[in-house]
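For clarity, chains are labelled A, B, C and D in written order, and residue numbers in each chain start from 1.
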Amino acid sequence: MVSEKNQEGKEMGKVRVGVSGYGVIGQRLADGVAKQEDMELVGVADVAPTLAVRALYEKGMPYNLYLASDENRAKFDELGIPVSGTLEDLVKSVDIMLDAAPNGIGAKNKPLYEKHGVKAIFQGGEKNEIADAFFHGYANFDNGVGKDYLKLTSCNTTGLIRAVDCIDKLVGVEKVAITIIRRVADPGDYHRGLTNALQVDKAPSHQALDLMTIMPHVDATGILVHTPVTHGHIITVVATPKKEISKEEMLAAFKKHPRIRVVRLEDGFLGNASLFRYARDLGNVRGDMYEIAVWEETVVHSGKDIMFAINIPQEAVVIPENMDAIRAALNMNGSQEKALELTNKYLGMKAR
Amino acid sequence: MVSEKNQEGKEMGKVRVGVSGYGVIGQRLADGVAKQEDMELVGVADVAPTLAVRALYEKGMPYNLYLASDENRAKFDELGIPVSGTLEDLVKSVDIMLDAAPNGIGAKNKPLYEKHGVKAIFQGGEKNEIADAFFHGYANFDNGVGKDYLKLTSCNTTGLIRAVDCIDKLVGVEKVAITIIRRVADPGDYHRGLTNALQVDKAPSHQALDLMTIMPHVDATGILVHTPVTHGHIITVVATPKKEISKEEMLAAFKKHPRIRVVRLEDGFLGNASLFRYARDLGNVRGDMYEIAVWEETVVHSGKDIMFAINIPQEAVVIPENMDAIRAALNMNGSQEKALELTNKYLGMKAR
Amino acid sequence: MVSEKNQEGKEMGKVRVGVSGYGVIGQRLADGVAKQEDMELVGVADVAPTLAVRALYEKGMPYNLYLASDENRAKFDELGIPVSGTLEDLVKSVDIMLDAAPNGIGAKNKPLYEKHGVKAIFQGGEKNEIADAFFHGYANFDNGVGKDYLKLTSCNTTGLIRAVDCIDKLVGVEKVAITIIRRVADPGDYHRGLTNALQVDKAPSHQALDLMTIMPHVDATGILVHTPVTHGHIITVVATPKKEISKEEMLAAFKKHPRIRVVRLEDGFLGNASLFRYARDLGNVRGDMYEIAVWEETVVHSGKDIMFAINIPQEAVVIPENMDAIRAALNMNGSQEKALELTNKYLGMKAR
Amino acid sequence: MVSEKNQEGKEMGKVRVGVSGYGVIGQRLADGVAKQEDMELVGVADVAPTLAVRALYEKGMPYNLYLASDENRAKFDELGIPVSGTLEDLVKSVDIMLDAAPNGIGAKNKPLYEKHGVKAIFQGGEKNEIADAFFHGYANFDNGVGKDYLKLTSCNTTGLIRAVDCIDKLVGVEKVAITIIRRVADPGDYHRGLTNALQVDKAPSHQALDLMTIMPHVDATGILVHTPVTHGHIITVVATPKKEISKEEMLAAFKKHPRIRVVRLEDGFLGNASLFRYARDLGNVRGDMYEIAVWEETVVHSGKDIMFAINIPQEAVVIPENMDAIRAALNMNGSQEKALELTNKYLGMKAR
């Protein structure tokens, strides 16, 4: 289904990718694609001169910008921000779109992708019906191979599945009961927030239900509580393994996982904000971190069950699995193993 | 061991009680005692003209004030705050002391209580060795009967045990795995706080360990995460009952419990802050609530395990169990049943 | 224009008052009226069984409840909450309405008040056109005398005017430049909030403009910044007096004002949260405080200008001026002096 | 006083710089020096394998690390972090030290600098006595020329002086009255914080007093209120100019200033958190911003006075003035104008 239009990219062995929606996730998807040596970022599309677009302009337009709607064209002109064309122009120039438009807009964009025979990856905010498969790079890669439309899990579910799948690969998992201590807004959000309040959601949380669509052999439930912070969700997981597993075995498996970072309170990683500070100090763009973290000192047993706490860096955690999804949908690398290896390599993730 | 000195109170059938430490807990203990028709609050003791003491003065000194140290006597005089005597004067006038002095001061006060043959109840911040028994009104009342020195559990543990004991009485409990989403400071605290950060503690949390000292037949573990809010801890509990229990049975048992309030998201109880607002709107002094709350919509199953979320109003939750402890230590009412009935009645707690 | 219908109340010399909207402000208006010995609270009206209404019910219905809309009548019946009639029934039974319905609903209610010849006091959220005069008990009482419809200033403006009017009465005020450090939500609010962000508003803030409608001889401007807290706004005021004034004179004037409380950092009043805690410890219902506070240690000079910081307890601060407004509109007490004296006495406010 | 030891650097025309204390400020000073083409960063010194040091190691040691104390040498060895020597080794290899050690440690380090005849720049946390002059690149550059020891102002004062000096250069400033809405902790801080509270400081704030040490002809006062946020202080300034100035003139002057960024609410810069997000999206390391920002819509007049709000990015704002201080102390560039031009150029700051 991939068209022949991408001549230059093809010669270079590169898949051409577009990003729709240049917000919190879209910006990071664009950066992620730009790091994949076998992909070419053709451009990004948005509707208005948001702060993210203004920053792109102030940086000197490292990415081409396309207009997802004509409504604000005059504003772009007034600001002198160069525009490379319309969203449709972008779609026509790529092999696959990463759709990170606001919730529900992906469904409106899909006919355009269909019209031009372009595959697409949608994010967690879209309805499941939009896609041929619900996808996770580690847990069900093969379900995505060759598919036209994939939907990724949301940030919490993506990170959670990494950990649960890691146990599952080791000893099998029967069930999990999770408590999501959710950050309520991203840094810089002014349209949502909580002030001095914890907010409880109806159980089971959608993350538990979503996990079961990706890992149908696991029984999952959970409770989500929103908290007034911005730097990462923390999830406690009570997992019932099929076979008992020691704390040491558990930690060894987590440490071997390229997308899981084992950290210690003792070293100064006291919570979600320590991880954000550390990622800033690493010099990571935007202070982002692709890995989830597990706190070593939280791993305990409850009878046969194993319990631990993980950190989900909500702004960046889904980027690797999106790269995996491109690889699966376009069957770029022949196998899950090779696909994950390349994503991890290009994004700088490795066992530590 | 109770002395004969309390002549007036005795004639009236009233036990004479003193409170050491007039802070967040001490103020509420004093109010709690004042509501018990079979107890007399002889007075409260503190060391300095804190805001709490100034408020007592502005209210017209409804309680007698004793000086726990002579250091600041001049300040009290300057402010015109009447002082009824020293801490030792207070101790000599009572049958039992409720010690709510800052952590570690209780241990320093104990010799004074011993000197005058006065029983005492210590709070969760003291070390376990201070007391003859670790006490909870519902879960191990009989352990406290006739004892000289009891130690209460901390706020989280006290509330948690109410819920776990409720299940235990119904079908038995094998183990629990808890996640404590802890409020990090009380309203008005300036000496501690978190800003935009979640902080993880080493597991298992002390609350899980403390639960096992009160309920030794239950295997408990848990993870605690501090959050930047002030109006109540939220705990998620994953409990493994000895016998399966339906959501309806669970809720029915909680609703029958005088110290547990079942609330619904649907009715507007969206989190810990809704409960605080509700208690303020009830006209409760300080907006306090003695009951823990369970959110009906959070009760779910994880296999045979049952999972739910409770709210712990940290400032007031331990007051009822302190009243129970007085009743146990002085064997005031002949039975646990009668003792709990009176505490609940005088504090206005009932099945709803 | 006051009708003759209020026979019982009249004989008792009491003015009959109704409250429309039983939310954060409405509840406190009802309590405030109930404390005025020369007023009778006929009832309160709301549209749904909110938490506030449920609390009223749990307290045993100290106030009669009327339905402002028939939409949710079945829910009230289901919950067993007794209803005394419709909003119109309430309006017909009173001399004056305090309208604390959500912003904009007051304008919809006004025709009902007009139909029944009932006066009304509207809150700061309504448009200025709704009223015959914009009212403040201290700064422009006479403007409200005998008027049918008055609009009160919002919480920040009400408190600010107390302080500015206090200086104005002393030495005259030429201009003020204010910085409002605004609490963004009330305790228990889940529909609005900020998380780890300060939000700047377009200047001049409406509070400065509103001040000039009440005190037209003062030139006022200001900047407002929203902050993620719930317990009281803090305003810094830079006031240019007509005549120089010393710190001591300023403090003496504030201390004599029954609605201004001078507090000290040194005594433990460290910020807005200390004042909330203190009001809770005073035993004030809901932990409310009617007075604004001035921090003694913040009073400084900038050349001839005087600068200081005040605290505005946003939930309760407007209640006294609402009582004043009833007194003015109905010309109950013959003079501003007598009216303020009675409001202050019944609400327990006095020079300290 | 600069020794001859820096042979290699000298040949290259580079001044050799060391940084003591690799914390929030020290890391950014190191990065700032590394960007100055006429300076060489010899290394950084710290005492323990903090998260910042671990991040340096994970990045591959772009900077040489020296040990400020031998106490933790074993930990560095265990972690495999290469150490280039002691703090004294570092001092011996440089022309000037930037001391960003915790408050008070600078005073302990000074004898070492004196011993080796090395100049040093201290930060705002040290006492004024430590230095020969209190320095600001724009407001009093000449005071620092050729001096051995300079002390920089703290973050708030540094940013504030940029704005006040800008007005002063334009029309002269008589006095300023400031309100500092202070962020209470940096992102990732767990050792300090406020939760749901505003905290008031004794007035006048030290920032106003410090401003007067740099700009003695200006009368300054102010009130500081701490707020529970992490992404930048906001200061409102009421300035009395010597000559009236229009909003347009004021904005034009701010726009021409390379270290002041004029932003608009209308464009989406809603508060301090928008600026942090924008800096992250710019790809700035750590999401840092060197410029203060002025909100265009906050510039208003209060009579002849001009009032406006500025944002102070507390982690990075002092870096430019530190680079200026090196240039002044070593008299590197012959004039203030040339020195500022180079600092601005190397840090990417320009009029916008």
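In this section, a contact is a pair of C-beta atoms (placed from the backbone, for glycine too) under 8 Å apart; a residue touches a chain by one contact, two chains touch by 3 or more.
Quick caveat: nothing in here was measured; it's all calculated off a predicted structure.
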| item | value |
| --- | --- |
| Contacts common to chain A and chain D (chain labels) | B, C |
| Path length in the contact graph (chain B to chain D, fewest steps) | 1 |
| Length of the line joining the C-alpha centres of chain B and chain C, rounded to whole Å | 36 |
| Cα-centroid distance, chain A relative to chain B, in whole angstrom | 44 |
| Averaged-CA centre spacing for the pair chain C and chain A, given as whole angstrom | 48 |
| Residue list for chain B, restricted to those that touch at least two other chains | 187-190, 195-197, 199, 228-231, 270-271, 273 |
| Residue ranges of chain C touching chain A (in the complex, touch as defined) | 184-185, 187-190, 192-197, 199, 228-230 |
| Residues on chain A engaged by chain D in the complex (per definition of touch) | 27, 49-52, 54-56, 58-59, 186-190, 195-196, 231, 267-271, 273-274, 276-278, 280-283, 285-287 |
| In the complex with chain B, residue positions of chain A that touch it | 174-177, 179, 181, 183, 196-204, 219-223, 225-232, 234, 236, 238, 240, 265, 270-273, 295, 297-303, 305, 307-309 |
